[in-house]
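You will see chain A twice below: alongside chain B first, and alongside chain C after that.
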Partner chain A sequence: MSRADTATTAAAERGPHPLWTLGLLRSELLTTLRRWRALVLLGVLAAVPVLIGVVVKVRAGGGSSGAAGPAFLGQVTDNGLFLVCTALAATLPFFLPMAVGVVAGDSIAGEADAGTLRYLLVAPAGRTRLLLVKYATVVAFCLLATLVVAASALLTGVLLFPVGDLMTISGTTISFTDGLLRALVIALVVAASLIGVAALGLFVSTLTSSGIAAMAATVGLVVTAQILDQFPQLHAVRPYLFSHYWLSFADLMRDPVYWHDLVRGLGLQALYAAVFGSAAWARFTTRDITT
Partner chain B sequence: MAPYESDDATGAARDEETRSGRRKAARYAVPVAVVGVAAVTIGLVPALADSGDPDLPKVTAQQLINKIAKSDVQQLSGTVKISTDLGLPDLGGLESGLASGMAQGSGAGSGSAADPSSRLTELLSGTHTLRVAADGPDRQKLSLLEQGAEYSVIHDGKDVWGYDSKSDQVSHGTAPAAGKDRTEPPATPKDFAEQALKAVDDTTSVTVDGTAQVAGRDAYKLQIKPRQSGTTVGAINIAVDAKTGMPLKFTLTPRSGGAAVLDAGFTQVSFARPAASTFAFTPPKGAKVTERQDGSLKDGAGKGAERPGPGKGLEGTDGAKGLEGKGAPKVIGKGWTSIATFDSGAKGGLPTGDKGGDLGGFLGSLGDKVSGKFGKGTVFSTRLVNVLMTDDGKVYAGAVTKDTLVKAADAGK
Partner chain C sequence: MDPVRPGAADGVIGPGAADGVIATRGLTKRYRGGQLAVDGLDLTVPAGSVFGFLGPNGSGKTTTIRMLMGLIEPTSGTARVLGLPMPRAARTVLPQVGALIEGPALYGHLSGRDNLLRLDAADPTADPRTRGARVAAALERVGLAAAAGKRAKAYSLGMKQRLGLAAALLRPRRLLVLDEPTNGLDPQGMREIRTLIRELAADGSTVFLSSHLLDEIEQVCTHVAVMARGRLLAQGATADLAAGARDRLVVTTPDPAEAARVLKEQGAADVTADGDQVTGEPPDRDLAEVNAALVAAGVRVRGFTLRRASLEDSFVALTGEGFDVAR
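For the complex of A and B:
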């Protein structure tokens, strides 16, 4: 394992150097991204925008654009830039949280499963530091996965559809640069709206020693939250479900931007990250590690 | 976060176990504390933000009404939250399907998803967020914010555009040259307030009911209460901006109590001139554009949104004017208890279960059977408007109680 050599050098001094943490983070990121699982997930995420783009392009010739489907689908034929929003709206309910859930669920439980967790803890990183590095890795994966979708959608959109000044959903026109900037902010907001799932997955991952169980439980929770969000009878609870404000990123395409739901959504994600992050810390630092 | 001396927990001595148990509890207290702090914050912040009612110089009700009348706000932009709870039977999708179907049938008839008359009936139920912007009489914009989409009506000079971003459809019409003609359906607190103040006469008590903060502005609260019994209207509260005299919030509560039937208020408002780009609209290249006939927006939107609008219905007279039927409707009574009546021409009244098939039986099941000197009929109730349809085809409607309707029907016999 590549972190073994860094660990030995750092073991000499008591209290690891800050750079050492960065080294641990880098090694964690590389280990995560070198897994076939992560690559396949990213590949699937990159394929979704291409699929949407091709389908819209083929269908654009005949038939009227229906009102059904993910947000912004109607505008894609006007401006390829909207494919970024459509692709994110299509992947955010399931593909993105699933990918994040798999990586987050695997983070601690996967190591325990493979029997490598205790070797990681032999290094004088400390459990808290290891947990933080694991969480940082998952958050980095959130950002990467979102950017993969956005980049693939942007490329597909530019190739298949006209680009130029675009019309916001409020009916006003903004320049292409402005639109590009908004698309980037949207990608960042979408990535940030996944940090709640990431923390949830990390917590589940500290509960079990089975990687598969942690992944399945995390993805199951994502699906459950979205099903619960469909019931009007649960209106008192719905605003506190981590998936409730996910699609409010679309408010960034209004002119002027409608911040109300966006701010609430991001605040909710921060709350989930704090609650489940600290729960994961409480569990991980007090637990007996035998594998 | 004490660093670990040793992570080898299996080697822990027996007496250390109680200590580790306590430490475990202490660590789990952190997430619990985070939840607690969050819950307290969510609960307390709105209470703390409510900084009490502002101190404003005293005014009389008449002065306040004059202030509203004199109010001449030409430029504004803001966000309006509008909730309607008519107490209609909860039919879910069917209800909105019927509403939009009706609107499409009676509206301009273009059937476009961007047609204002078919879209703004959505405001009839549930909670919606609207954005309004205005710059003089020739430039207005009203947007209905939806999940991931938006529907806008933009009036810029002689053009009136409707844009539905969900289906990417555009409808275009021309506004009448006279700037005085309104092209927007009533959706802002100001629109509702104007309708309510029209109804003020000797059957009404109007009082100033203290002050309040609305959308961060100091406002007077005007309360309008019907003096007559027999109406379903409990009270109308209007928050009037102390500086500009513009109504900022409109609430209509039914006499039966409970939640407001209609609650429309600014959550954010600015009286600065909106950016010119707000009103500039060029249809996107790929969008489907439907042309309407001249002035059809005015009629279509007016009818579509005003006819069933509770703001109108509360007056009885005006609400009834919009009701379609054979023959012009007549108005019985005055003030809040006025009842509109007309002959629907449907002899035999509602198709009942055995005659009218499933739909008839279904409609009949929504109403209550009543009888009186006039004969037999069915009353359809909402929390505000009651409608009596007699078996011989007469329709009585108004913001009045069931008994008042029956009495009116008896008297009409």
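For the complex of A and C:
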């Protein structure tokens, strides 16, 4: 028996360690986050709360008080913690889903574009395993992007505005610690409300071998869903648009918390993840890789 | 290793490959547009061979390789690699196969070393404890150790090609599928890669080498298969295939018309004149007499040689670019 035979047969007999499969997830996270594209997106997301904070501070100094703008904008001057809610309300309609759409759209199509997909598959990464790793990475990016906005907002809020006990939308007062905890839960809910877009982007990404096309299509779908959500005539469809319950995270600032829309919103995200995740799997596991 | 008979239940087949490391039966791929890329391929690659896979561009070589690697689903027919059916047994087969398919593809924003670390992490059977050492050894083997820390997008085509080869060598492999491995390399690099291929074969790996360079195939391959228009035209030992083509008699003369007439008279078949060169199949007699006849007829002979049949002659004959394809 030859040398090459002996070595590989021995490896095959020992079999892979179950934990070894996590190596691919780690590699995927690092590869995604070391792209300039991802870093620029996170940088923009970190800048938005700073921008809002500075603008509010300057306007408050001028003495004018505007009623329009993202939710909680009026409360920011009273308590810096509200900047977390304001920043998330400002970035959730477009910046956050766009960032997630770019990363999700690029996930498979970008690799197909570069040709690296064929080498991952002959490694062999396994199509189902690779798809799961890709989805897990996009979901991790949803969480990271949201936490970047929240952390930047918290820092800016604490630096520019007074902090302390805060008043909920319902008019009751809660402690700063309680408020901080709620802000963290809000960030997690916002991250979770992006997993539908993540699944949609992953599915689009399995359809094409052009990373740019997949990214553009996913971001286009995000914008389209939000436009459709503006039409009262489409009331039958609107509750099924992935963006419909996005701003219900504000209900976490009520006392007691109003759960109805939150639960529906998260359920809808789970439905999107299941439907488009399955579609992505069906497509990717049967697709001919010709790039 | 016990030989495994094809036709046994797939579930009980071990890593044996008695019927060839690669064995396809009626392998066919028709793309959605209706284009027939590969048509009823019966390919057998013997274990331990360096197998040359020849064919003009668009002859279906790459589609065949992609089907063997489980990237493309065949329309019909079967493909077995290392004795197991593909793409079904991809998880068992592919860790034992190193592949370079249609040129290298890299993550430009990662260093050469990180590219290899990622591909090794993609293999669930690769031990992460030895990953760093195996990556370093693979880089060393293809001569990239010095450039390992550079971003891959700064690599030259030759360096990218070497990195692609390094990825195929991350672990000891029973089969290496190398598609145009010397593309983009200078003559020195080509020699190094050919030496490497011979070393790998000496270590016991079977090497499946696709190339359009006939010289390369003739120099390193023990076996060869020729494809054209999606069909397999011939396969066998390189020496047998080259011997299949006939030697040619070449006469250089300022009197080509007269020379052609005399050669035909002397029994040479298939005589053609091109400028001052007249070629034909040598007749079954002493060539000295043929030469004497030429001189006797007043033909001024500048050169009189017998050109040995090469693989190129067989290739030209087989792919139909020659005139005697109908035979």
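In this section, the second predicted complex is superposed on the first by the 272 of 291 C-alpha atoms of A that agree within 3 Å, B and C clash if a C-alpha of one lies under 4 Å from a C-alpha of the other, contacts with A are read in each partner's own complex, and residues count from 1 in each chain.
Convention: contacts are C-beta pairs under 8 Å (C-beta built on N, C-alpha and C of every residue); 3 or more make two chains touch, one makes a residue touch a chain.
These numbers were taken from a predicted model, which means no experiment stands behind them.
With both structures placed on the common chain, the touch criterion links A:114 to chain C but leaves chain B unconnected.
Of the two partner chains, chain B is the only one touched by A:79; chain C is not. With both structures placed on the common chain, the touch criterion links A:288 to chain B and to chain C. By the touch criterion defined above, A:89 reaches chain B but does not reach chain C.
When both complexes are overlaid on chain A, the residue A:26 reaches chain C alone and has no touch with chain B. Within the superposed three-chain model, A:279 lies in touch with chain B and out of touch with chain C [touch as defined at top].
Within the superposed three-chain model, A:126 lies in touch with chain B and with chain C [touch as defined at top]. Common to the chain B-facing and chain C-facing surfaces of chain A are residues 15, 118, 121-122, 126, 286, 288-290.
Residues 1, 15, 48, 66, 69-73, 90-92, 94-97, 99, 101-103, 105-110, 117-128, 131, 167, 171-174, 200, 203-205 of chain C touch chain A in their complex.
The part of chain A that touches chain B in the complex is made up of residues 15, 60, 64-67, 70-72, 74-75, 77-79, 89, 118, 121-122, 126-128, 162, 167, 169-173, 247, 250-251, 254-255, 258, 260, 271, 274-276, 278-279, 281-283, 285-290. Of all residues in chain B, only 1, 3-4, 7, 9-10, 20, 23-24, 27-28, 30-31, 34-35, 38, 79, 113, 129, 131, 141, 143, 145, 147-150, 152, 154, 161, 163, 165-169, 267, 277-278, 280-282, 284-288 touch chain A in the complex they form. Of all residues in chain A, those touching chain C in their complex are 1-5, 7-9, 11-12, 15-17, 20-21, 23-24, 26-27, 31, 34-36, 114-116, 118-126, 129-130, 286, 288-290.
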